[in-house]
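Here chain A shows up in two complexes: once beside chain B, once beside chain C.
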Partner chain A sequence: MHELFLTAHIGEEDCPKALQILQGYCAMSPTSILRRRLYWNGPLLHNRGLDPTFITAQGQRARFWSSLSEQLIRQAYTVLLLYDVTRDQFPKAYTPAEEKPELDCDAIQGTLLWTDLPDPANPRPVNSRLLMTIEGEKGLCNLLESSSYKFTGEVVEEGYRFVHDYVVIYLTRYLDVPTEFQEMEYKGKPKVNKTMPSFESLAPFDSENKWILTASLQVLAASDLEHMQKGTDELMKIKADFEGCFDFQMKDRHIFDTRVKQ
Partner chain B sequence: MATTSLQQDDLKTLDQMRQRLSQLANNIASLKSDILQGNPLPPWESIQTSASILGNNINSIIEHLSRNADTLNRTVVYPSTNYPGRTQEGLLGQLLRKKLEVQVETWVEEGRAIQESTQESKEDVEELWTWGKEWIGQRVATYILEEAGDNYTVEEREMGIENVNIGLRRKFDEESEEEDEDEDKEMEDVGVEVTTVGKSMGGQVEYGLEEIRRSPDGKSRGVKEILTFATSRNHQPRPVL
Partner chain C sequence: MSTLPTQFSVSLRSWPLSDGGPSKTLPSLIQRINSQRGGFLDLDEDELREEIAREEAGAGTEPGAGEDDDAASLEEGEEKLDRVKELATARDEMLAQIEYAMFALDFVSLLISKDQPNQASLSISPFLREHVGMGTLGADKVQTSKVTEAQREDNKRIAKGWKIQNLNKTADSILASATRLEKEIELETAYWKQVLTISENGWAICRLPTEKHTLGVRFGFSEAGPIFKNRSLAALRREPDGSISLDQGLAPSEPQSVRVRIYSNGEQTGCSIMPSAITDAAPVEARIRQARNAIFEAELWHELSRESRTLQAMGVRCKGDTIICPISPAKDVVLDLVILDSYAPEPSGNDDKLAEGISLALHLLQSYAHRQNFVRRTKPPGPLTSFKRTSAPYALLRYLITRANHQATLSRVHTLFHGICSILTTVSHLPRLNCTVTEPPSELPPNLTATETTVVALFEQIQAQVTVSLSDSCTLSMKIRTSRYPLSTSNFNLSLEPANCVLQESCRPPGIVDQWYKAYDYILFVTSCALASSFTSLPTGNEEASAEGNSTPASRWEPTTRPHIIRLVRPNQDMRQQLRSKQASFSLTPVSPPGGKNMQSGLKLRVNWECIGDLSERPSTALEHLDPGEALAWKVAKGEGFYEWIIMEGENEVVGRGASGREGSLGLDTPIKSLKEVMELAAST
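Moving on to the complex of A and B:
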C-alpha cells in the first residue's frame, strides 16, 4: 500500500471545536481509538528480516510476510506493534500490583505496522510513503524478538477517527508512559509491560497537549499514477476545504524517518 | 367626403390579420390531428411546444388587433351591387353578420368570467400576504422577547420534558443561564475540556479525557518533534558520531 497524507496540528483548547467541525464535515460521529504503540528497532548488524521459520508457517498469508520481510531486510527499521486497549484495562491509581488487569500482548491480536521513509521530493504536494500492515496476528512480540528486534518503549495513542469519502481524518495525541512504570529486563533494556499504569499517570508527550491532525488515504501501488493523482486531488480538496481552519501541510519527509540510526 | 374604398395600409393590416388567423387555424388543426390520430400520443414535450406556439400566435393576434383597433373598428363589409345575392345568400349572411354566433358568444362570456375570477383571486392572495406579513412580524417579536431562551418546544413541553431525547448524556439543566456561567468556570479549571463535548457528540466516546492534564513539569514540544516521536519514539537528541 502507498499512503498519501497531510498533517496539521491544533492546540489543546481548539480540540472540542475541531471535533465538532470534523463531525459536521464528515457527517459522522468519530470512532474513538485508544491503543498501545510498541516500538521495535531492527538489528543494525546481521539483519536477516523476519524469522524465516515463522514466515513459512504462515500458509496462505506467507506472501504478505515475505514481502514485508524483503523490505525490512534492506535496512534496519523501526516497526510498530499496535494493540487496542480499553479504558478499563488501565488500573485505577494506587491499585496493588496483583489486582491490575494483566495484558499479555502475545496472547491477543495485534497489528504490525511498518512505514518507509516518505518518498523524496516529487511533483505531488502531499507526503507519500510505502506502508505495510499485517493485522489480527497473535504472537507478534515473540516474532520480533526471534527476528532480533529490540523493544525500545511504548506510547499510548488516543484519537478520534473520521472518514470522508476515501480520506481518513485522524485527530490524535500521544501519551508517554512514564519511565518509572516501564518494566525492565535489566537496566537499559526495557521489556513490554504486562500491566498498564493508571491512565492518569500518562503524560502528553507535548506538555502543551497539542493534537495532531492527519488526513490520509491509501493507494494500492505508487505505480498506479492515475490513482495517485486522484488521491492527491482528494487530499488537496480537504486542504482547501479547511483553509483558514486547519493548516494541512506536507512535512519534511525526514520527520517520518523510520530507519534505525547508529 | 371620406373615401369609402380601402387604403393600401388598411389592406395591409387586414391581410396581416388574415395571415395570422390562418396560421392560428392551421396550428390548431395540426395539434388537433396530432392528438386525435397520433398513436401513441405525441410526447409531452411536443404538445407543450405546440401549446406555447398557439399561445404566441394568439398573443400576436391580440397585439395586432389592439394596435389597429381604430382602422378595424371603422372597417365594414358591404356587398357590391353586382353580388349574386339570391344564389349566394348563405355566404352573404355570414359575411355581413355582426352579432356573434351563439357558441362564440358563450366562449366570450366564459372568457370574461375567467378574467374576472382571476382578478378576484389576485386580490385574495394579496390580502393573505398582507395579513401574513403583519402577523409574522408580531410573532417574531413575541418569539424573540419571550420564547427564544426556551430550550424546549411547546410540543415537547406538553409531552413532558423528561421524555425528550436531547442526545446528551449529561444533565441538561433548564436554567441555562446559570449553567453557562458554571460551565465557564469549570472550563477555566480543567486542563483539557474535551470531556463534555466528546461525550455528548458521539455517544461512543468513552474515555474521560479530563483525566489527563497538561503536565506542569513536562516539556513543550514542537510539531516536528511530536511527529518524530510518534514515528520512531526518538526524542532524545541522537549522539553525534
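Moving on to the complex of A and C:
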C-alpha cells in the first residue's frame, strides 16, 4: 500500500476551532481515537525479519506477514504497535498500584504499522511512502521480541479522525509517558508497561503542545500512476480548500524516517 | 539680432568664395550700388571720381603706411570672422522664424481644411495630413449674445426658482427615501428575526451556491441519495411584507406521502393515517417541515420502487403507480404515493393499526438506511480505486417480508405446540410437556444508539428459541432464525438436550433444516417417541425371582428398534403365548378438517395396539389407516384396538375416540380416556 499525505500544524488554542471547521467540511462528528504507540527497533545485526515459524502459522494471512518480513529484512526499521485504549484505562492520580487496570498487550488485539522512508523529491507536491498495516492481531509484542526487535518506548496518541471521500483527515498529538512511570527490565532496557499512568501526568511530546493535522489517502501501488495522480489531485484540492486556514505542506522526508541508525 | 544695426541689410546670398575682389557681374554690381548708395538716383560720376581720388591721396600721404596696411588687413580678417559668426546666428534665427511660420501655415491649413480641403491640401504638411487628418479642426463664426440685462436678471430669477424647486424636490425625495429605508429596515429586521428563529430551531442556514447573496435553508437529509440531497436546499426569499417564502426552485414542492393500505382477500381493510397539507398562511417553519417530510416521502417512494423490482421472487409486484407486497397468503400491502393537497381520507378498517405500523416501520427503516449510509461514509476508506461506489436499493420491503415470515413461522410454532400440549394435558401425560418460546439476547454491535438498537433488534437479528421438555431427562430445543437473504425464510436448528438423552440415538435430531415441514415432522415424531419411551421399562432381576417364587410378575412394555413402537412383554408366558405378543405404536399426525383439502389444521395423537404373530417386529398396518369418522362402524379383532385424541386448530377442546376388541367402539359419547387407561386397555386385551 502506498500512502500520500500532507501535513500541517495547529496551535493548541486553535484546536477547538479546527475541529469545528473539519466537522463542517466532512459533515461528520470526529471519531475520537486514543491509543498506545509502542516503538520497536529492528536489529542492526543478524536481521532476519519476522519469525518464520509465526508467518507459516498464519494461514491465509501469511502472505501479508511474508511481504512485511521481506521489507523488514532490507533494513533495520522502527515498527509500531498500536493498541486502542480508553480513558478509563488510565487510572486516577495516586491510585494504588494494585488497583490500576492491567493492560496486557499480548492478550488484546493490536495493529502492527510499518512505514518506509518517504520517496525522494519528485514532481508530486505531496509526501508519499510505502506503508503496511496488519490489524486485529494478538501476541504482537511476543512476535517482535522473538524476532529480535527491541522495545524502545511508547507514547500515547490522542486524535480525531475525519473522512472526506477517500481522504482521511487526522488531527493528533502525542503525549509522552513520564520516565518515572516507564517500567524497566534493567537499567537502559525499558519494557512494555503493564499499567498506564494517570492521563493528567502525560506530557505533550511537542513543547508547544502543537497538534499535527494530516490529510492522507492510500493507493494500492505506486506503479499505478493514474491513481497516484488522482490521489495527488485529491490532496491538492484539500490543500486549496483550506488555503488560508490550514497550511498543508509536503514536509522534508527525513522527518518521517523510520530506519534504525547505527 | 540685437548686435546688428537696425539699418543693416542682410544678404542671404552665399559669401563669395574667391579673394579676387567683388564680383564683376552686373546684378551684383547693381545690388551693391543699391545697398551702398541707395540706388542710382543720387549717384553722380563726378562725385564718385572725387571720392576715389580722395581716398587714394589719403592713403599715399599717411606715414608708416606699410605697417598700417598689415594692421588694417589683420583687423579686416577679424572683422570678417565676427561677421561670419553673426551671419550664422542670424541664419539660425531666420530658420527658426521660418519654422514658426510653417507651423502657423500648417495650423491655418488645418483650420481651413474642414471648409476648403482642396486649398488646404496645397499648403498643409504631409506629416500633419498623415497623422492628424484633414478636416479635424474647424472654425466658425459665433454670433454675439443678444441677451439683454433685463433678460439676464430674469434668467437669474428663473434659475433661482428652479434651484428652490429642485431643492424642495430633493428634500422630499430624501424624506421619502428615509421613510422607505425605515420601512425597509423594519421588513429586514422582521426577515432576519425569522431567519434567526429558523436557525435557532436547528435548521442549517447557508448561502445558495448559485445565488451567493441569497440565504437558503437545508431541510433535507445529509445521508439521503444524491438526487434528494441536491434537492434539499430552498431559498429563503423575503416577501414584500417582510415574511419569508420558501423557494424550492424547480423541485416539486407539493406535499406528498406514501400511503399504506391493507387488502385482505381483495378487500381494503386498513389504511395508514395521512398527514394533512398545511395552508399557505402557515408559519415558515411549518412549511420547511412539510418540505422535509415531502422529500423524505419522495425518497421513500423512490427506494420502494427500486427495491420492488428486485423482489419479484417474493411476490412483490408493481402495478401502475402502486406496489403490492404480500405479507401473508390472505393479506397484501398496497403502497402508493399520494399528493396531500387532493387527498380524501379513507374510511377506517380493521387493519388500520397494521397499516399504520407498517408505515411507521418503513419510515424507521429509511432513517436506519440513512444511518447506515453515514456509517459507510465515515469509515476509514480503502485505497483509491477506479470502482465507482454505487448505492444499492435500501432494504425496506425485504425487512418487512422477513419480519412477516418470521411472525408466520412463530405462529405455526405456537399452533403446533399448543395442539401438542392440549392433547398431552387431556391424556394426563406426566410429566407435563412444558413449552417456552423465548427470544435469545441479541448480539448487538457496540456503540449503537437507542434507535439503531431497536431497529437491529426488530429487523436484523430475528430469532426465537423454543424449548420443550419431552420428559424428565430430555428436552427438545429449536432455534429459529429468519434471515433476510436469500429469500427471507426461516431455518430451524433442532437439538436434543442433554447430549446423553435416551432419544438421542433413536431420534437423532436433523440439525439445521431450512423447511418448516421438516422441522414439523421431526417434532411430531420425537414427541411420539418420547410418549412411547415413557411407558417402557427395562427388565429387572425381580422377574426371574418372581417366576421362581410362583408369584405373578407384572407385564411390561419394552422398546423396540423403532422408537415409536413398544412391545408388551409378559415374563411368565410360554413360547406359544409369546408368539401371540402385542405391540403398540404412537403417532402424532396432522389432520384435515372434514371436507378440507390437504389443510393441516388439526393434530391427532393415536395409539394402536395389535397382536404380533411372531417375535419379529412389524409395523402397524391396517389400523393406521382407519378413518376416525368411520371408527364406530369398524370392528377390531380381539386383542387389538386403537384410541386417538384430536384437536382442531382454533379450538381448545380435545375429542377422543377409538375401538378395542374387548370394549368395542369407544365413541364421542364416552368419556375421554387418559393415555394411561388406553395403555392398560392395550395391555389387558
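Heads up, the rule we're going with is that the second predicted complex is superposed on the first by the 262 of 262 C-alpha atoms of A that agree within 3 Å, B and C clash if a C-alpha of one lies under 4 Å from a C-alpha of the other, contacts with A are read in each partner's own complex, and residues count from 1 in each chain.
Keep this in mind: contacts are C-beta pairs under 8 Å (C-beta built on N, C-alpha and C of every residue); 3 or more make two chains touch, one makes a residue touch a chain.
Source: prediction; values computed, not measured.
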item	value
Fit-or-clash call for chain B and chain C when the two complexes are aligned on chain A	clash
Partner chain(s) touched by A:31 [first = chain B, second = chain C, both, neither]	both
Which superposed partner A:121 touches (first chain B, second chain C, both, neither)	neither
Partner chain(s) touched by A:15 [first = chain B, second = chain C, both, neither]	first
Chain B versus chain C as contact partner of A:256, first or second or both or neither	first
Touching partner for A:45 - first (chain B), second (chain C), both, neither	neither
Which superposed partner A:158 touches (first chain B, second chain C, both, neither)	first
Contacts of A:208 with chain B and chain C, given as first, second, both or neither	first
Touching partner for A:87 - first (chain B), second (chain C), both, neither	first
If touched residues of chain A are counted for chain B and for chain C, the larger one	B
Contacts of A:174 with chain B and chain C, given as first, second, both or neither	first
Residues of chain A at both interfaces, chain B in one complex, chain C in the other	31
Chain A to chain B touching residues, read off their complex	7, 9, 12-13, 15-16, 19-20, 23, 29-32, 34, 37, 39, 78, 86-87, 115, 152-153, 155, 157-158, 160, 174-175, 199-200, 202-210, 212, 251-252, 255-258, 260-262
Sites on chain B touched by chain A in the complex	191-194, 196-198, 201-209, 211-212, 214-221, 223-233, 235, 238, 241
Chain C contact footprint on chain A (complex, rising order)	1, 26-28, 31, 161, 163, 165-168, 217-220, 226-227, 230-231, 234
Contact set on chain C toward chain A in their complex	222, 374, 377-386
